[in-house]
Amino acid sequence: MFDQINYSLQFIKPELILVCTLLVSIILDLIFKNKKIVIYFVIAGLVSSFVSLLSNSNVNQHLFFNMYAVDPFSHFFKIFLLTAILGIVVFSMFSNEVSEIKSRKGEFYYFLVALTIGMFLMSSSTNLIMMYLSLELTSLTSYLLAGFMKEEKSSSEASLKYVLYGAFSSGMMIYGISIIYGMTGSFDIFAINIALADGVTSLALLISTVLIFIGFGYKISAVPFHFWTPDVYEGSPISVTTILSVASKAAGFSMLMRFLKIVFIDPYASPSVNDWGVLEIVPIVEILTVLSVLTMTLGNIVAVWQTNLKRLLAYSSIAHAGYLLLGVLTLNNEGYSATLIYLVVYLFMNVGAFLIVMLISNKIKSDDIDSYKGLGMRSPFIGITFSLFLISLTGLPPTAGFIGKLYIFSALINKEMILLAVIGVLNSVVSLYYYVRIFRNMFLRESLPTDKEITLTLGEKILILAFAIPTLILGLYFAPLVEFAHASVSMFAGN
Amino acid sequence: MTETLLLQFATAILFIPLVSFLILIFFGKKLSKKSSLVGLTLIGSTLLLSLIIFFTKLNFFHDATIDYTFTWVNFGSSEITIDLGIMIDNMTAVMLVVVTLVSFLVHLFSISYMEGDIRYSRYFAFLGIFSFSMLGIILTNNFFMMYVFWELVGLSSYLLIGHWYEKTSAANAAKKAFIVNRVGDIGMFTGIMILWSTFATFSFDEVFHGLSLGILPFDSTAWLTAAGILIFCGAVGKSAQFPLHVWLPDAMEGPTPVSALIHAATMVAAGVYLVARVFPLFTADALIVIAYIGVITAFISATIAMAQNDIKKVLAYSTVSQLGYMIMGLGVGGFTSGFFHLVTHASFKAGLFLGSGSVIYAMHHVLHHHNDHHTDPQDIRNMGGLKKKMPITFWTFLVFTLAISGVPLTSGFLSKDDILAGTLAFSDLTGHTLIPIIAFTVAGLTAFYMFRLLILTFFGTHKDENRLNEIHESPWQMTTPLIIFAALSFFFFYSPSPTSASDGWFYNAIEKPESVVPENVSAASIESFEEAVHHNHGTAMFLSLTVAGLGILTAFVTYYWKKINPEKIMNTFPSLHRFLSMKWYFDEFYDRTVIWFTMMTAKVLAWFDFKIIDGIVNGVATVSRITANGSGKFDNAVVDGLVNLTAYSIGFFGLILRTVQTGKVQSYLAFAIVGALMIFFFFN
Amino acid sequence: MSLVVSLQHFIFVSAILLSLGVYAILTRRNAIMVLMGIELILNSANINFVAFSRFGGMDVNGHLAAIFVIFLAACEAAVALAIVLNIYKQFNTVNVDEVATMKD
Amino acid sequence: MEIKYINIGILTWITFLPIIGMLVLMFLPKEKKGLVRWFALVATLLQVMLAVIIYIFFDREAAGVNNAATMQFVERFTWIDIKSVDWFGRIRIEYFLGIDGISVPMVLLTALISCIAVVSSWNIEKSVKGYFALLLLLDAGMMGVFVSLDFFLFYFFWEIMLLPMYFLIGIWGGPRREYAAIKFFIYTLFGSVLMLLVVIALYFSVSVPDPVTNELVHTFDMLAMMNPDNYEANSLLVGFNTSWRYIAYVGLFIGFAIKVPIFPFHTWLPDAHVEAPTAISVILAGVLLKMGTYGLMRIAMPIFPDAAVHYLYPLAFLGFVNIVYGALCAMAQTDFKKLIAYSSVSHMGIVLLGMAALNTQGMVGAMFQMFNHGTITAMLFLIVGVLYDRAHTRGLNDFGGLMNQMPKYSAIMVVAFFAALGLPGLSGFISEAFSFLGAFQTFRWLTIASTLGIVLTAGYMLWTLQRVFFGTLPDKWKSLPDINNRELAMLIPLAVIVIILGIYPAPILDLMNSSANQLIEIIKSHNSSTLIGK
Amino acid sequence: MNMLSLYDYIFYFLAFVVIGSSFVVVFSRNIIYSAFALLFTFFGVAGFYVLLSADFLAITQLLIYVGGILVLLLFGVMLTNKVVDVDIKSSTIKTLPASIISALLAGLLCGIFYVTNWYTVPTNPELLNNTTAIAIGHAFISTWILPFEVASVVLLVAMLGAVIIARREKGPEVN
C-alpha cells in the first residue's frame, strides 16, 4: 500500500513542486515587504515544475489507486497550462490592475500557483471525486482572482456572479456524480465505464450526464451554461480574464475529454482509430453536437453587438469553445488531437489579444471599441500585431488560427459530419464581422485629435512578440505541434 | 504577271490604306494640310494597283480563282485551325476597282470640301481605315475575316458619321449606326457559328465544298436556311434593309463625301457583295426571304423619299431603295444583275451625293457669308434655279438622275432593267407576283422623286435672288469627280449595247455560281432562270420605260409646270403625308418598343440588383434597425457591416439573444437549468 | 432485517431537497439565502452518497465522497461569504439582482 | 524546364519577390515617399522581367494540367511532413509550384497588372508606405494562387489576399469604403470557407504512395486529386457521380463563383470597384476576378470531371445570365466605375460560357478572354481613374465633349472601349468570338441568346463614349489637362497588348492550346475510367 | 406487507423534519428563520446518516455543517443586515417560473429514481453495526490519500482567500 504511494509520488514531482512553491510563497509573502521576491519565487517554482514535467514525457501511469493518471494526454495539458500560466504571470507584471493592488500583489501570484495545481489535477484525475475536488480548487481560486480588485465594483460583482454560478454548477455536478455512483457503485471512471458497458441503461444515466455536463459546461463556458462568462470576463482584471478564457477552459476541456473518452467508450469494442465505439447508452455525441452548435453560434452572433472589447472577446471565447467542442464530439483520435492543436493555437492568439487589450486599457483607461479608432495608424506595432491575433482568431492563413480550424474541420469531415463542418465554417464567417470592426476602428477610422500616441516599452513589445511570433510561425510550420498533439492522444487508441 | 504577284498587289491594296491611316493618325497634326495629299496619293496607288489587277485578272486569269491561305490560329491540334487568306476572282477584281475608284474620287472631292475643318487630317485618316476595312471585305476568302472587316467597316462608319461629334445629332447617328449594324452582325455571327460548328472551317470554298457533299448543319435543311438568312442579317444591317434601315438616313449627319463613299457607293453595297459572295449556300426559302426583304425595303424607302425635303435625306432613302433593289435582284436569282446594279449604282449614286455636296457647299458658303445660321443649306425648298450658277453640277446631276431613273443609254437602265426582268422571271417560276408589281411601282416612284429633287434644286426660281447671284460653281477638285462619275454612268463602259447588258464584259466576267445546297431546297436552276429572264426581257423593258416615263412626267407636271399643287395633295391626305415624312414611324416604333424595353429592363434589373439581391429583405433590416434604435443601442457601424439577409438576421438574432444577458445571476442560473432540462427532454 | 424504507425513500427525499435548493437559488434575492440553497443541494447529494453506499454493500467510498463534499461546502461557504461581505461593502446590499451593473 | 537562381526556382522568386520588397519597404523611412514608390516599382518591374523570362522559356508543347511531368518550372519540396503516429497516417503538405498553359497567361497578367497598379498609385499620398507594402503583399498572394499546385498552398495564398485587399479598399477607398471593404471581405471569406471544407474532404479521399517507403500518404497535391486511381476506397469522394462529389463540386463552385463573380454572388463587385482606389480596381478587375474562373478550370473541373459535366448546362446558363444581366445593369448606371464593374460581370460571363462549351475553341476562348479582360478592364479602370483624378467625379452625365479637351486620353479610351465591346482587330473580339463559337456547338440556343450581350455591350459602351466625349464641353471642364506621361506609361503597354493580340493572338494562344486540349480531354474522358478507388 | 418498524417511523419523522424545515428555509420571509430552519434540516440529514449507519458522517455533518457553515452563514446574515433593521426579511423574485422549474425537477428526478435499477449489493449486517470511522480512516491514508491531501490544499486556499477578500484594507473605506 505504501509502496504504491511511494511509487506514485515519483511521477507527481511537478505537482509537488507547485505545492511547495505555493506554501513557501505564502510564507515569503508574509515575511517580505518587497513583493517582487514572491513573484520571482513563483516564476522560479513554475519553471522548475516545468523542468521536472519534461522528464515525465513518456510516462503512462495510473497512480494513487487509480485516482490519478500521469500520461501523455495530461502531460500535454500540463505543459500547455504551465506555458499559459508562465505567460500570464509575466503578462500580469505589466498589468496596472494587478500592480495597483500593492498590498495583495504577492497573494495574486500565489493564487496563480494554486490555480495551476487545481488545473493540473483536473487534467490528470481519473476519479469523479478527484475531478470534483480539483474542479473546486480551480473554481475557488478563480473566484478569488476574479474578485481580486475588491475595491472595484465590477470586480466584486464578477466574483459574486462567478461564485454563485460556480457553486450552483458544481452542486449540480456532484448531484449528478451521486446518481452515477448509485448506478455503478464506483467513482473510478474505468470501473464506471465497465459497469456501463455491462448493461447499465436508464434514464438516470442521461439525467446524471446532463447534470455533470452543467459542471463541465460551466467550466468551458458552453451554451447554455455560459451566462457567467461575459460578465465575469468583463469585470475581472484582464490577466484573470485571460486565465479563465485560456487556462481554465483548457483544464475544463482536458477533464471533459478524459471523462468522455473513458466513460462513454465501449471497452470491449476493438479499438479503432477513427471510431472508438461509443456506448449507445447516452446520446452523448448528439448532446455535444447541440451544445457545440449553440455555443459557437450564440457566441458569434452576440459578439457582433458588443462594444466593450473585453466583452467582445468574452463572447468570442464562447464561440471558440464551440469550435473546440466540435473537435471533442467526433470522439476519435483525430478530433481529440485537433482539439489539442486548437487549444495551443488559441492560447497564443487569445492571450495575445487580451494582452494588447490590457496594455491599451492601461494607457487609455478604456476597453471601448471606439477608443481604438485610428490606433493602427498611431501605433503601427500594436495595429499589426493585434491584427495578426484577430486574423488568427478568425481563422485565416497564414496564422495559427487557420491551422487550428483546419484540423477541427478535418476531423469533422473525416467523420463525415459535413453539415456540422459547414455550420462551423459559416460561423467563422460570422465571426469575421466583429473582428473586422476592430480592424476598421484601428485602421479605417481617424483618431480623435485628443488621442495620445501610445508607446510601448521594450518589455511590452517583447511580450507581445512572444505571442505574435508563435501565432505566425505555427501558421507556417505546424508539424511539431501536430506531432505533439497526436502523440498526446495516441494513448487513447490502444485503450 | 503571275498569280503570286497579283496576290502581292492585292495585299498591298489592302494594307496601303491602313498605312495611310497610321501615318495620318500619328502625324496628322504635323502634316496638317498635307494630310489630304498623303491620303490621296496612297489611295491613288491602290486605284492603280486595282486597275492592274482588274485588267490582268479579266484578261489573263479569267476563269481562275487566285487564292492564298495561311493558318492564323492553331488550337494545338492540326484538326482545328483557323485559316485566313485572301482570294481574287472576277467579282473581287470588279469590286476592287469600284471601291478604290470611288474612294479616290471622294478623296479628291474632299480636299476642298473639307477645307478648314478642325479635324482635317483625322478625316482622311478615317477614310483610310474605311478603305482598309472595305477592301478587306472584298478580298477575304473566309467568313471570319469577312466578319472582322464587317465590324471594322462599321467602326469606320461610326467614326466618320460622328466626325462632327460636337453635334448631338451626329453623335447619336453614329451610335445608332453602330448599334443597328451590330444587331445585324449578331445574326451574321450566329450564321457563321452554325457553319463553323458544322464544318469547322471558315473558308468559303471549304464550306461550299462541304455543303455540296451533302453535309448539312445539324443535319437539317432548316438550319441551312437559317444559316443563310442569318448571314443575310449582316447584309440587312450593313445594306440598311428593312427592318434595320433606320440608321442610314441618320448617317447623313456625316460629311457629304462620306455619305457618297460609304453610305451610297461602297459600304452599304457590302451587304449586297456579301449576299453575292455566299450566294451558293442560300436555299430557295432563304432566297425568297431575301427577295421580300429587298422589295419591302425598296418600296418603303421610295415612299419615304417622296416626302423628304432634305437633299441628302432624299438621296439617302433613294440609296436604301436602290439597295433594296439589289437585294431583291439577288433574292430573285438575278445574281449578275443584282451585282451589276451595285456597280452602276456606285457611280451614279456617289455622283449624286457629290453633286449634292457641291450644292450644299455652295449654299453653305453663301449662308455663311450672310451669317445666316437659320436657313438649312440642305433643304431643297431653300434652293432652286441653281442650274445657271452651277452648270457642271447641274449637268452631271442630270445624268445621274437619268441613270437612277433607268432611262435608256444610261448604265442604270442596263442594270435596273435586268433586275426587273429577273423579278418577272421569278414570279413566273415561283408565283410570287407581288415582287414584280412592287418592283415596277418603285421604279416609277424613283423616277418621280429624283426628278422632283432635280427640279426643285436646279430649276425654277430661288427665293432670294441676291443670294443666288453669289452662288458659284465649285472648284475643280469637286467638279472633276462629278464629271468622271457622270461619264461612268453611261452604258458604253459596261456593254456595247445600250439595251442589253448581257453582251458586255461584265456579264461575261460575273457568272452566277452553282448552288451547293441539296436539290430539293435549292432555287430554280440557272438554265431555267436564264430561260425565264430571256422570255421576260422585252416585257420588262417596256414596262420599266413606261413607269420611268410616267414618274418623270408626273414630276415635271407637278413641280416644273406646277399643274398639280403638291400642297393640295398633301392636305388631302395629311395623315399619309405625315406617315411618309415621319418615315413610317420606324424610329418612334423602335424607341417605344425595343429601346424602351431594353432601358426599362436595364433600370429594373439595376434596381433589382441594388435593392433585392444586395439588400435582401429590407424588412428584416428595418425591423432590426427599429428595434435597435428603440433600445438606443444601435451600432450604426455594425449595420453598415451587415449587408444582406443573413447578416441582418444574424444581427437580429444576436440582438434578441443578448437580451438574455440581463446581468442578473439568478436568471442566468434559471436559463442554465432550463437549458439542461431541455437537453434532457430533447434527447429523452 | 427487512425494511419498508428502501433506497428509493432516501433518494426521493434527496430529490425534493435538491428541488427546494434550486428553488431557493432561483428566487431568493438575498445572496446568503442563495448560498443556503446551495447548501441544500450539497446536502441532497450527500444523502444520495450515503444512501447508495448503504445499499451498495456499505461501500465506504460513498462516505468519503460525502466527507469531501462537506469539506468543499465549508470552503465554498467561506469564500462565498467573504465575497458577499465584500459586495455588501461595495454595493451596500446583498440582493443579488441589484448587483447587476454588467449586462448586455 | 528548370531555371534556378541561387538554387531557388523562378516561380518562388516571382512569388516572393514582392514579399521581399514589402519587407525591405517596411524599413524605408516613412517620410521618403518618392523612394518608397520607386522601390515598389522596381520590385514589380523585376517581377515583370521574371515573367518575361518565363514567357520565353515556357515550353508551348507541354500540356501540364494533371500531369506533373509536363508541368513546368516545377518546384517541389516537402513543407510539412508528419509521420509520428501510425493511426493518423502520414500527413504531407508540399511546397509544390508549377505552371502550365492554364496558369502561365495569368502569371504574365499578374506581373503586368501589378506593375501597372504601382504606377497608377503614384499619386497616393496617405500612408504611402503602408499602401505599397499591402499592394506588394497582395501581389504575392495573387501570384501564389496562380503558381501553386498544392491545394493547401493554393488556399493559403487565396486567403492571404483578403486582408491586404480589405485594407487597401478600406483605407484608401472612396466615401463608402468601409462598407465596400467589409462586403468584399465577408463575401469572399464565405466562398473560401466552403472551399476549405472541400479541400479537406479531398485530402482525406486521396492518397498517393510515398516514393521511398511506398506507404500511402494523404496529400494536398492537386494533380493527384485529378487522378481517380488515387482515391481511397470507401472515402467520401471516391467514385464518379456520387452525390458527395456533386456537393463538393458545388462547394468549390460557390467559392470560385463569388470571386468571378457569378450572378447572384456578384453584388460585392460594384461596391468594391466604386470605392476602391484606381489601382485596386485595376487589380480587382484585372487579376482577382480571374482567380474564380482559373479555379474552376484548374481545380474544380479536372478534379470533379463527372460533376463538371453534370453541371455543365447550369454553368453555361449562369454564363448567359452574367452576360445579359451584367450588360443590362451596366446600361442603367450613371457612375462610370459602376458601369465598368457591371461590364466585368458581363464579360466574365463569356468566360463561363466558353468554359462550359468543353471544346477546344470554347476553352481557349475562355482562357484568352480571361487574359484579355484583364488587360482591357484594367485599361478601363485606369481611364476612369485618370478622369477621376482630374474631375473628382465619376458621374457620366457630368461630362461631355472631352474629346477635344483631352485628345490623347480620348484616343486611348476609344481603343479601350472598342476593345471592351469586342471590336475585331482588338483582343477582346477574338476571345469572345472563340468562346461563342465553342459554346454554340454545345449550347445552341443559349449561345444565341447570349449574343444579345454583344449588342447590349455596344449599346452601353457607345452611349458612355458619347456621354463623356461627344457633345459640348461643360464650362467647368475647360481646364482639364490631358493625360500625362506617367499615365500614358501605364496605359500604352496595355493598349499595345490589346492591339497586337487582336491582330495576332498566337503569342498567347500558343501558350495555352495544349493545356486546353488536355483539360478537355481529362474532363471528357472520365466516363471511360471505371476504377472505383483502391 | 410488513408492519412499519421503528426504523420506518424514524425515517418518516426525519424526512418530515428535513423537508419541512427546508420548506421553511426556502419560503420563509425572514432570513433568520430560514437560517434556523436550516439548522433543523442539517440535523435531519445527520439523522438520516445515522439511519444509514454512517456514524462518522453524522458527526461530521453536525460538526462542520452545524458548527461551521451555519454559524458562518449566520455571521454573514448579521454582518450584512443591521439587526435592528426590519429589512432582515428577504423577498423573493420570479416565483412562478422557479416553482415550475423546481417542481419539474423534483418530479423528474423522483420519476426517474423510481424506475432506475440501482446498483445494490446485499449488505453484510456486521458492517452496519460497526463504526465506519476505521474504514474511513484507513481509506484516507491509503486509497484516498490523494484527495485527502488535495482537500488540504483547497482548505488552505479557501481560508487564505476568504481572509484576503473579507479583510478591511488600509486606506479610505468604502461604506
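Letters A, B, C, D and E mark the chains in the order given here, with residues in each chain numbered from 1 onward.
The working rule: contacts are C-beta pairs under 8 Å (C-beta built on N, C-alpha and C of every residue); 3 or more make two chains touch, one makes a residue touch a chain.
What you are looking at is a predicted structure, and each value in this text was computed from that prediction instead of being measured.
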item	value
Both-way neighbours, i.e. chains that touch subunit C and touch subunit B	A, E
Partner chains shared by subunit B and subunit E (touch criterion as defined above)	A, C
Graph separation of subunit D and subunit E (steps between touching chains)	2
Identity of the chain that, by mean CA position, is farthest from subunit A	B
Chain located farthest away, centre of subunit E as origin (C-alpha)	B
Chain with minimal offset from the mean of all protein Cα atoms	D
Whole-Å gap between the CA centroids of subunit A and subunit B	77
Separation of subunit A from subunit E, taking each centre as the mean of its C-alpha atoms, in whole Å	32
Computed distance of Cα centres, subunit D from subunit C, in Å	65
Computed distance of Cα centres, subunit E from subunit C, in Å	6
Numbers and ranges of subunit E residues touching at least 2 other chains	93-94, 97-98, 101, 105, 108-109, 113, 118-119, 121, 144, 147, 151, 154, 157-158, 161, 164-165, 174
For subunit D, residues contacting two or more additional chains	178, 182, 186
Residues of subunit B touching at least two other chains	637, 641, 647, 658, 661, 663, 665-666, 669-670, 673-674, 677, 680
Chain pairs in mutual contact under the definition given at the outset	A-B, A-C, A-D, A-E, B-C, B-D, B-E, C-E
Residue numbers on subunit D that touch subunit B, as the complex places them	178-179, 182-183, 186, 264, 266-267, 270, 325, 328-333, 360-361, 364, 401, 403-404, 418, 423-425, 429, 433, 436-437, 440-441, 444, 447-448, 451-452, 454-456, 458-459, 462-463, 465-466, 469-472, 504-506, 509-510, 513-514, 516-517
Complex contact set, residues of subunit A against subunit C	129, 132-133, 136, 140, 143-144, 147, 150-154, 156-161, 163-164, 167-168, 170-172, 174-175, 177-179, 181-182, 185-187, 230-231, 234-235, 302, 305-306, 311
Complex contact set, residues of subunit A against subunit E	1, 5, 8, 19, 22, 26, 63-65, 67-68, 103-104, 107, 111, 114, 117, 121, 127, 129-130, 133-134, 136-137, 140-141, 143-144, 147, 150-151, 159, 182-185, 195, 200, 202-204, 207
Interface residues, subunit D side, partner subunit A - complex	79-82, 84-85, 87-88, 91, 127, 130, 155-156, 159-160, 162-163, 166-167, 170-171, 177-178, 181-182, 185-186, 189-190, 193-194, 196-197, 200-201, 203-204, 236, 247
Of subunit B, residues touching subunit A in the complex	633, 635, 637-638, 641-642, 647, 650-651, 653-655, 657-658, 660-661, 663, 665-666, 668-669, 671-680, 682-684
